[in-house]
Structure formats: C-alpha cells, structure tokens
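In the two complexes that follow, subunit A is the common piece, with subunit B as its partner first and subunit C second.
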Partner chain A sequence: MNWDWSAVSDFMPDFWKGLLVTLQILLLGSLISFVLGLVWALLMRVPSRWVTWPVGAVTEFVRNTPLLVQLFFLFYVLPEWGLTFSALSTGVFAIGLHYSTYTMQVYRAGIEAVPVGQWEAATALNLPLRRTWTAVILPQAVRRVIPALGNYVIAMLKDTPMLMAITVLEMLGHARLFSQEHFQFTEPLTVIGAAFIVISYLASLLLRALERRLVH
Partner chain B sequence: MSQTVSGSASGPTRRSLLAGVAALGALGAAGCSRVATASSTKGGDLLGRLRAAGVVRLGIAGEIPFGFIDKNGELTGEAPELAKVIFKRLGIDRVQPVPTEFGSLIPGLNSQQFDVVAAGMYVNPERCEQVIFSDPDYQMLDAFIVRKGNPKGLHSYKDVVAKKAKFATGTGYAEIQYAVEAGYKESEILIVPDQVAGLNAVEAGRVDVFAGTALTVREVVKKSAKAESTKPFAPLVEGKPHVDGGAFAFRPTETKLRDAFNVELSKLKKSGELFRILEPFGFTKAEMTDLTAKELCGG
Partner chain C sequence: MTSGLWELVLKGVWVTIQLLVCSALMAAAVSFVVGVARTHRLWIVRFLAGFYTEVFRGTSALVMIFWVFFVLPPAFGWQLVPLWAGTLALGLTYGAYGSEIVRGALSAVDPAQKEGGIALSFTPWQRMRLILLPQAVPEMIPPFSNLLIELLKGTALVSIMGMGDLAFSGNLVRLALQESAEIYTYILLIYFVIAFLLTRVMRGLEKKLKGGVGKPVGSTADQELSRPQTTGVGGAVS
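Take a look at the complex of A and B:
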C-alpha cells in the first residue's frame, strides 16, 4: 500500500467543501427531525382515530422503507409530477423526514414517562391544555430524551453519505470524485473516515455534557 | 440503528482508547497484503491464463450503445460484440460482463475486478497514464442533451459558458475536461452517475445541458418527450477541434494481450467486418477510424 501525502494535501480543499455540506445536512436534518418528530408524537395523542390512523400509517411507511429508496423517489420521481427541488434540499428533507419517524418514538417514550401525577396536578390547577403541554409535560419529557435524540444525530451523520446517490457533494461525494479524477482512493477515503470518527466523537462528548446538565 | 452514546456517565479511559487504536492499526496492516497485480513475465501472461480459463471478464458501464445488458439479459453493445469476436479468435470462447459505473472502470480494471474495459472508452492522456489502450475502433464527436427546442441555443462548450447555462455530465467523462477548457468552473459542474440521470436532470430543469458522446446522447433522448439532442460537434482541445476515439483498456502490465488484440482488430478493420459489427448499434462510416492509441495518448 502506498500512502501519498501530496494526495492528502491535494484533496484538502475538496474535503473542506464536503465537510461543510455534511455539517449542513446534519444540522438541518436534525432540526427537521426534531421538530417533525415532535409534531408526529403530539398528533398521535390526539384522541381521534381520524388523526392517529393516517399519521400512524404515514410514519410507519416512512420508517419501514429504506432511506436510499426514499431519496431516489424524491429526487427522480417527484419532478415528473412537477415538483423539483435542488439535490441538497431534497436530501435534507428526506433524511429529516426519515429520522423524524424515529425521534417520534423517542418523544413518545419521553411523554409517557412523565409521571401521571403531573397530569393530575395540572388538571387540579385547572391549567388549560396548551399550558399543560408547554409548561408541564414537554419540558420534563424533552429533558429525558435528549440523550436518545443525540444517538439519532450520530446515526444521521453516518447516513449522510447516502445523499451522494442523488448527486449531493458531501464528504464521500468529494472523495469519490477526487479518486476518479486522480485514481487515488486510499488517501481521500481515509481522510473522510477519520473525519467521521472525529465528528461523531466530538458530538458524543457534547451530548454527554448536555445530558449531565439537563438530566442531573 | 446503532446506539453510539453509551448510557454510562464515564467515557472510555485514555488507556482503553489507545489499545483500541492500536488494535485498529494492526487490523489495517493485516488488510494490506494484496494479490500481486503484476506477473513476473515481461508483457504479462494474462492471455495464457485467459485461454486456460476460457473466459474473459469485461468491464462495462451500462451505456447504450457502447456496452450494456439488453432486455433479454444478454450482454451486447459496440464494445462487447467486438470483444466477443476478437477474443474468440484469440482462443477465448466466453465473455463475462462486469457492470459498473463509468467512473469506476479504470480503478476496477487496475484492482483486478475484470480483465478488459469494453465500454467504448475514449483514449485520452490522463487515462493513458493509468491503463494501456488498444487502437480505437471508432471515432466520435460530442453532443448535448437540451430541453425541446434548445431554448438557450446551446451548440458548443463555448455557448454553455457564454450563456451561463447550468452544465452536467457523467462521472469520469472526458466531457468534464472539455467544459473546463472552454472556461466552465469545474466545481459548478453537476456530476451525475450516467446518461439517464443526465437526461432526468435536463427534463427536471436542474440543468440546461448534459454533455456526452453524440451516440449516447442520440440513443438516450429517443424515449424522451421533453428533451432533444444537439447536432454533433467537435470539442476544442488546446484551441483545435478534437476528434475522440474509443478503445479497449488493459492493465499496464499486459502489453502482450493488448498487442495480440490490436493485430486482430486491424484485420477486422481491413476486411470491413468491423463496420458490420458496429453498424447495428447506430455507427456510420463517418465513425470508422485510422487513429491510433499512441496519437490520442499524446506521446
């Protein structure tokens, strides 16, 4: 095996561009999945099967089909119906939507873990439903689930290379283009592999700090 | 879904982390032993080995009409059909297709995933540094896929730059270099996996133009109601119109096989059989060539 440091330095400008895109996907994707997941979780608690059945069906469908298939579908099939988005927007939306169906379950667990006494107290105080949720239930529920949500952020980070399939140039996309142009595979792939380790490790440190602050 | 954050509050100790890194390193070192790529005999002994095995593996890129699998699951196309004839004359009866992406053909050849690239690959100096080519069996101009009626009036790479059109081409295509040479910014080129994805990008309005060989482009727009192909034109290389030639690629060590292949190829050219083999795939007399790999490699 030949290791060529000059290939590494040649690759670095591309690498930074790719890193920026990967982080963008991760940040926006997380945001979408956190918000949308909460929306799903709350909708699932609406006491009407006219709401829970459709929401349940849609989220089950999204959760049980592969992200890659969803990406291809959104990127190649939607334009035939006149809906065209850029590759990056499509990718961010797809990954956010996909992971929202996981975070929804995390929120559900968090909400169910709030002791029933809290609900009873809110009723006893005659709090309106909106205040019960925003001031009593959700602050306790969300606090509990931060570590679990963090896991999904890291899982999402590792799924970002899938966006390469729809021509988004994130880290792996740049590495592959560089490899095909210069016929050097070892260096760029090693560099991005190391970058993934570093990012996930930093993210897990950050999450642990957050967890300590919020939970204890 | 993998659980990445451990629930426990304490992180890994420095020592366990170091041990882990060391173990990873050992694994990497063990993974480095690889199959010897070059044979000891000069010029390579692949021809002999292929004769003994009776089968040669062809790398193809699923590109109509150069090399693809047809509706019946049969390998066909300009390059595979020609390869079938030539390898039979060299004493190898069967060919086995290995489909991959165009951009992975040269890396795949050099990492032994197949023995020959039979994808009608253009011969150019960058590729000549990585592989050796047979003499070209056809010559070709470029063409664009554009939306019906060519609303932006794109007929050459210069037009693309002058009219600030959004430009796409395929992974590892020679067209990337032509666009860059005409002044298009390389980082702004959309690289799609193949010509079908390129057609889709034009139809969906993601780009204004997709560049490919005249023949690929002509074939892929046949099924499209929203896009058309432009008239074939010669890209400029160092200011001069450049005609490309497509050929078969071999690993750099296998010169004997390449030379034997060339001998049979030139016989086919002389007898006119070559044209009869290529004609069903849309090639015309204008695309027959006397170019050599040496000329196209640029010395």
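Take a look at the complex of A and C:
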C-alpha cells in the first residue's frame, strides 16, 4: 500500500468544493423532507379513504424502492415531459421526497404519542380544528420527534453520494473526477470516507446533546 | 419493449437477488458477531466492536463500495469478482447497522433472566445461547425486516460500478430505446414487488417466532419512536 500525501493536498481544494455541495444538498433536502413529511402525516389523518389510501400507497411505494432508481427516473423522465431542472435541483427534490416518506412515519408516531387527554381538553375548550393542531398537538408532537428526525438527516447525509450518478459534483463526484484525472484512487476515496465518518459522528454527538436538552 | 430487452431485465433481477441473498447472509453474520461482542465482559472486545460499528455506520454505503472496488485491489493485491466485492461492501455496512439491532434486543431482555442464568451457574455462552438469544431474536425481526428492505435498496448502488443488476439493466434498456418513463416505471415496480414479498416473509417469521415465546405481534407508537434506527448514527433515540 502506498500512500501519497501530495495527492491528498492536491485533492483538498476539490474536497472543499464537494463538501459545500454535499452540505447544500443536505440542508435543502432536509427542509423538503421535513415539510413534505408533515404534509403526508397530516393527510394520512384525514378521515376519508379517498385521501389516505392514495397517499399511503404512494409513500409506501417511494419508501420501498431504491433512491438511485428514483433519481434516474426524475433525471431522465422529467425532461421527456418538458420539465427541465438542473441535476442539483432534481437530486435535492428526489432525496427530499424519498426521506419525506420516512419522516412521515416519525411525525405519525409523534402525533399518536400525544396523550388523548390533550385532544379531549381541546374539544372541551371548544378550540377550532386549526387551533387544536397548531397550538396543542403539533408543538408537543414535534418536540418529541426532533431526535428521530435528526437520525434521518444523518442517514440522508450518507445517501448524498448517490447524486453523483446524475452528474452532480458533490464529494464523491469530485473524488471520482480527481481519481480519473490523476490515476490515484486510494487517497481521494479514503479522504472522503473519513470525512463522512467524522461529519456523521459529530452530527450524532450534536444530536445526543439536543436530545438531552429536549428531554429535560 | 422486445423480448430480448425483457430477458436483460430478468437477468438483472437474478443478479439483484443473488446479491441480496449473499449480502443479507453476510450482514446477518456480522451483526450477530459484532452485536454479541458489544455485550462481552472484556472492555477491549466491547471497544473494538463499538469502533467497528461507528466506522462502518458512519460512512456512506456508496463510498464503501467505491473503496472496495478501487482501493482494495491496488492496496492489497486482491481483485475480487464484482459479486463478492458488492457482497463485502454491503455486508460490512449493513452488518454494522444490524449489530445495533442485536445489541438493542439483547439489552432489552429482562435483567432477571440473565441473573437467573447466573444463579443456575450457566456459563456465559450457555446464557447467551439458551436464555438471551431465544428471547431476543423474535424482537429483532421487525427492525431486521426494515433493514432488509434498506439492503435491497442498497443493492442498486452496485449498478454504478457497472455490475449488471436490475438498476443497471434499466439503464441499458433506456439507452437502447431512447425512452425512459416506461422502463424506469417497470424497474421501480419490480423493486417494490420484491420488497413487498420480503416484508410478507419477515412478518410470517415474526409471527412464528413470537408465538414461540408468547408475545404479541405488532408495534406501538412508543416503540416506533424508540426503536433502534436502521439508518442513523448516534445510538438509540429515547
């Protein structure tokens, strides 16, 4: 095994560029997944089979099929339908949509975990449905689910390299490009592998601290 | 689509299933070895097992696959067959997630059971084999079922390395037909059907195993929030 430090320093400028894109994907993707997930979770509570059944079927489908194929689908099929987006925005949307089907489960569990007495109190106080949700149920539910949502953000971080397959130059994309130009595979791949471990470990520490604050 | 192209897709299905079975077996072996090692009485064994879990859960499965395909061969002089390289990368990564499941289920067994084993002067190995595992394994089935679906989705990643699995055959058909909506819809549907069948099989297994130790089947909201995450770093959420 021969390790070449000069290749590492040559790769570093590309690495920072890639890291920036990765974090961008992560931030926007999480925002989409948080919002869409809540929308799905609320739609699943509409007391009509005509709403819950299609939403349930679509989200189940998205959750159980590979993100990679979904990326290809959006990247190649949307232009056929006359909708052209950049690779980055397609990727961000795909990853957000995919993870929204997970966060939806988290929100559902959080809403179900709100004690039934809270619902009864809201009814007794004659609160309108909107106020019941925004002032009573959701604040309690969301607080409970933040750690679980954080876990999915970390999971999403580890799925961002898939966007390389639709030509987005994030960390892995830059590493591959660099490897092919310089014929040095070991260093860039090891550097980004280590970067993923470090970032997800730091994020998990942050999450644990957040969890402790929310519990007490 | 012509029958020749369908044949290509069927070949892809076969490769995906082969890869799924091999890497699931490897991941199961890794998760039990590492998960049990994390309850070992020697701190160094616990530390090494924990280190393994953090490293392999911390990195991305795709980066791991790249690493096994591009860095292992020049570094150690091995050139693995693609199927085994994919199995190795997926088995090690998903095994690390699985070890968290095994550890969580083992620590969820009532401590009195373990103490009973000590009182009856069972050896640690006997305690594990006769008392802890029979009670812990049925609890592991639902999270393992989720992990198996994640693994199925993970097998699509090897197509980036040019291995002829289902996702790869989809790309070939797209290039052949210059038309993507139809073929990708089929590919997604095939993945969904495989996932659906896996869920059914695992649910049957759960019923059988839980019936054996007299426990109810299904999960509650509390369990949903506190279950060990299959795809997250950072330990249990509670």
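To be clear about the criterion, the second predicted complex is superposed on the first by the 216 of 216 C-alpha atoms of A that agree within 3 Å, B and C clash if a C-alpha of one lies under 4 Å from a C-alpha of the other, contacts with A are read in each partner's own complex, and residues count from 1 in each chain.
Going forward, a residue touches a chain if its C-beta (ideal position, glycine included) is under 8 Å from a C-beta of that chain, and two chains touch if they have at least 3 such contacts.
Just so it is clear, the model here is predicted, and its values are computed rather than measured.
Q: Given the touch rule stated above, what does A:I154 touch, subunit B (first), subunit C (second), both, or neither?
A: Both partners, subunit B and subunit C.
Q: Determine, for the superposed model, which of the two partners subunit B and subunit C contacts more residues of subunit A.
A: C
Q: Looking at the overlay, what does A:Q180 touch: subunit B (first), subunit C (second), both, or neither?
A: Touch partner of A:Q180: subunit B, not subunit C.
Q: Touching A:T167, do we find subunit B (first), subunit C (second), both, or neither?
A: first
Q: So in the superposed three-chain picture, is A:L207 touching just subunit B, just subunit C, both, or none of them (first/second/both/neither)?
A: Both subunit B and subunit C are touched by A:L207.
Q: By the touch definition at the top of the document, which applies to A:V145: first (subunit B), second (subunit C), both, or neither?
A: second
Q: In the superposed arrangement, which partner chain does A:Y76 touch: subunit B (first), subunit C (second), both, or neither?
A: Once the two structures are laid over each other on A, A:Y76 reaches both partners.
Q: Touching A:S89 in the superposition: subunit B (first), subunit C (second), both, neither?
A: Touch status of A:S89: no partner.
Q: Going by the contact definition given at the top, which residues of subunit A touch subunit B in one complex and subunit C in the other?
A: Comparing the two interfaces on subunit A, one with subunit B and one with subunit C, the shared residues are 1, 76, 147, 150-152, 154-155, 165, 176, 179, 185, 200, 204-205, 207-208.
Q: Show which residues of subunit C lie in contact with subunit A when the two form their complex.
A: 54-55, 57-64, 66-67, 70-71, 74-76, 149, 152-157, 159-160, 167, 170-171, 174, 179-181, 184-185, 187-188, 191-192, 195-196, 199, 221-222, 224-225, 229, 231-235, 237
Q: Mind pulling up the subunit A residues that touch subunit B in the complex?
A: Listed in rising order, the residues of subunit A that touch subunit B are 1, 17, 76, 79, 84, 86-87, 102, 147, 150-152, 154-155, 165, 167, 169, 176-177, 179-181, 183, 185, 200, 204-205, 207-208, 212.
Q: Under the stated contact criterion, what part of subunit A meets subunit C in this complex?
A: 1, 61, 64-70, 72-73, 76-77, 80-81, 105-106, 108-110, 112-113, 144-145, 147-148, 150-152, 154-155, 157-162, 164-165, 172, 175-176, 179, 185-186, 189-190, 192-193, 196-198, 200-201, 203-205, 207-208, 211
Q: Given the complex with subunit A, which residues does subunit B contribute to the contact?
A: It is residues 1-5, 7, 9, 11, 32, 34, 103-104, 106-107, 110, 130, 171-172, 187, 190-193, 197, 200-201, 203-206 of subunit B that touch subunit A.
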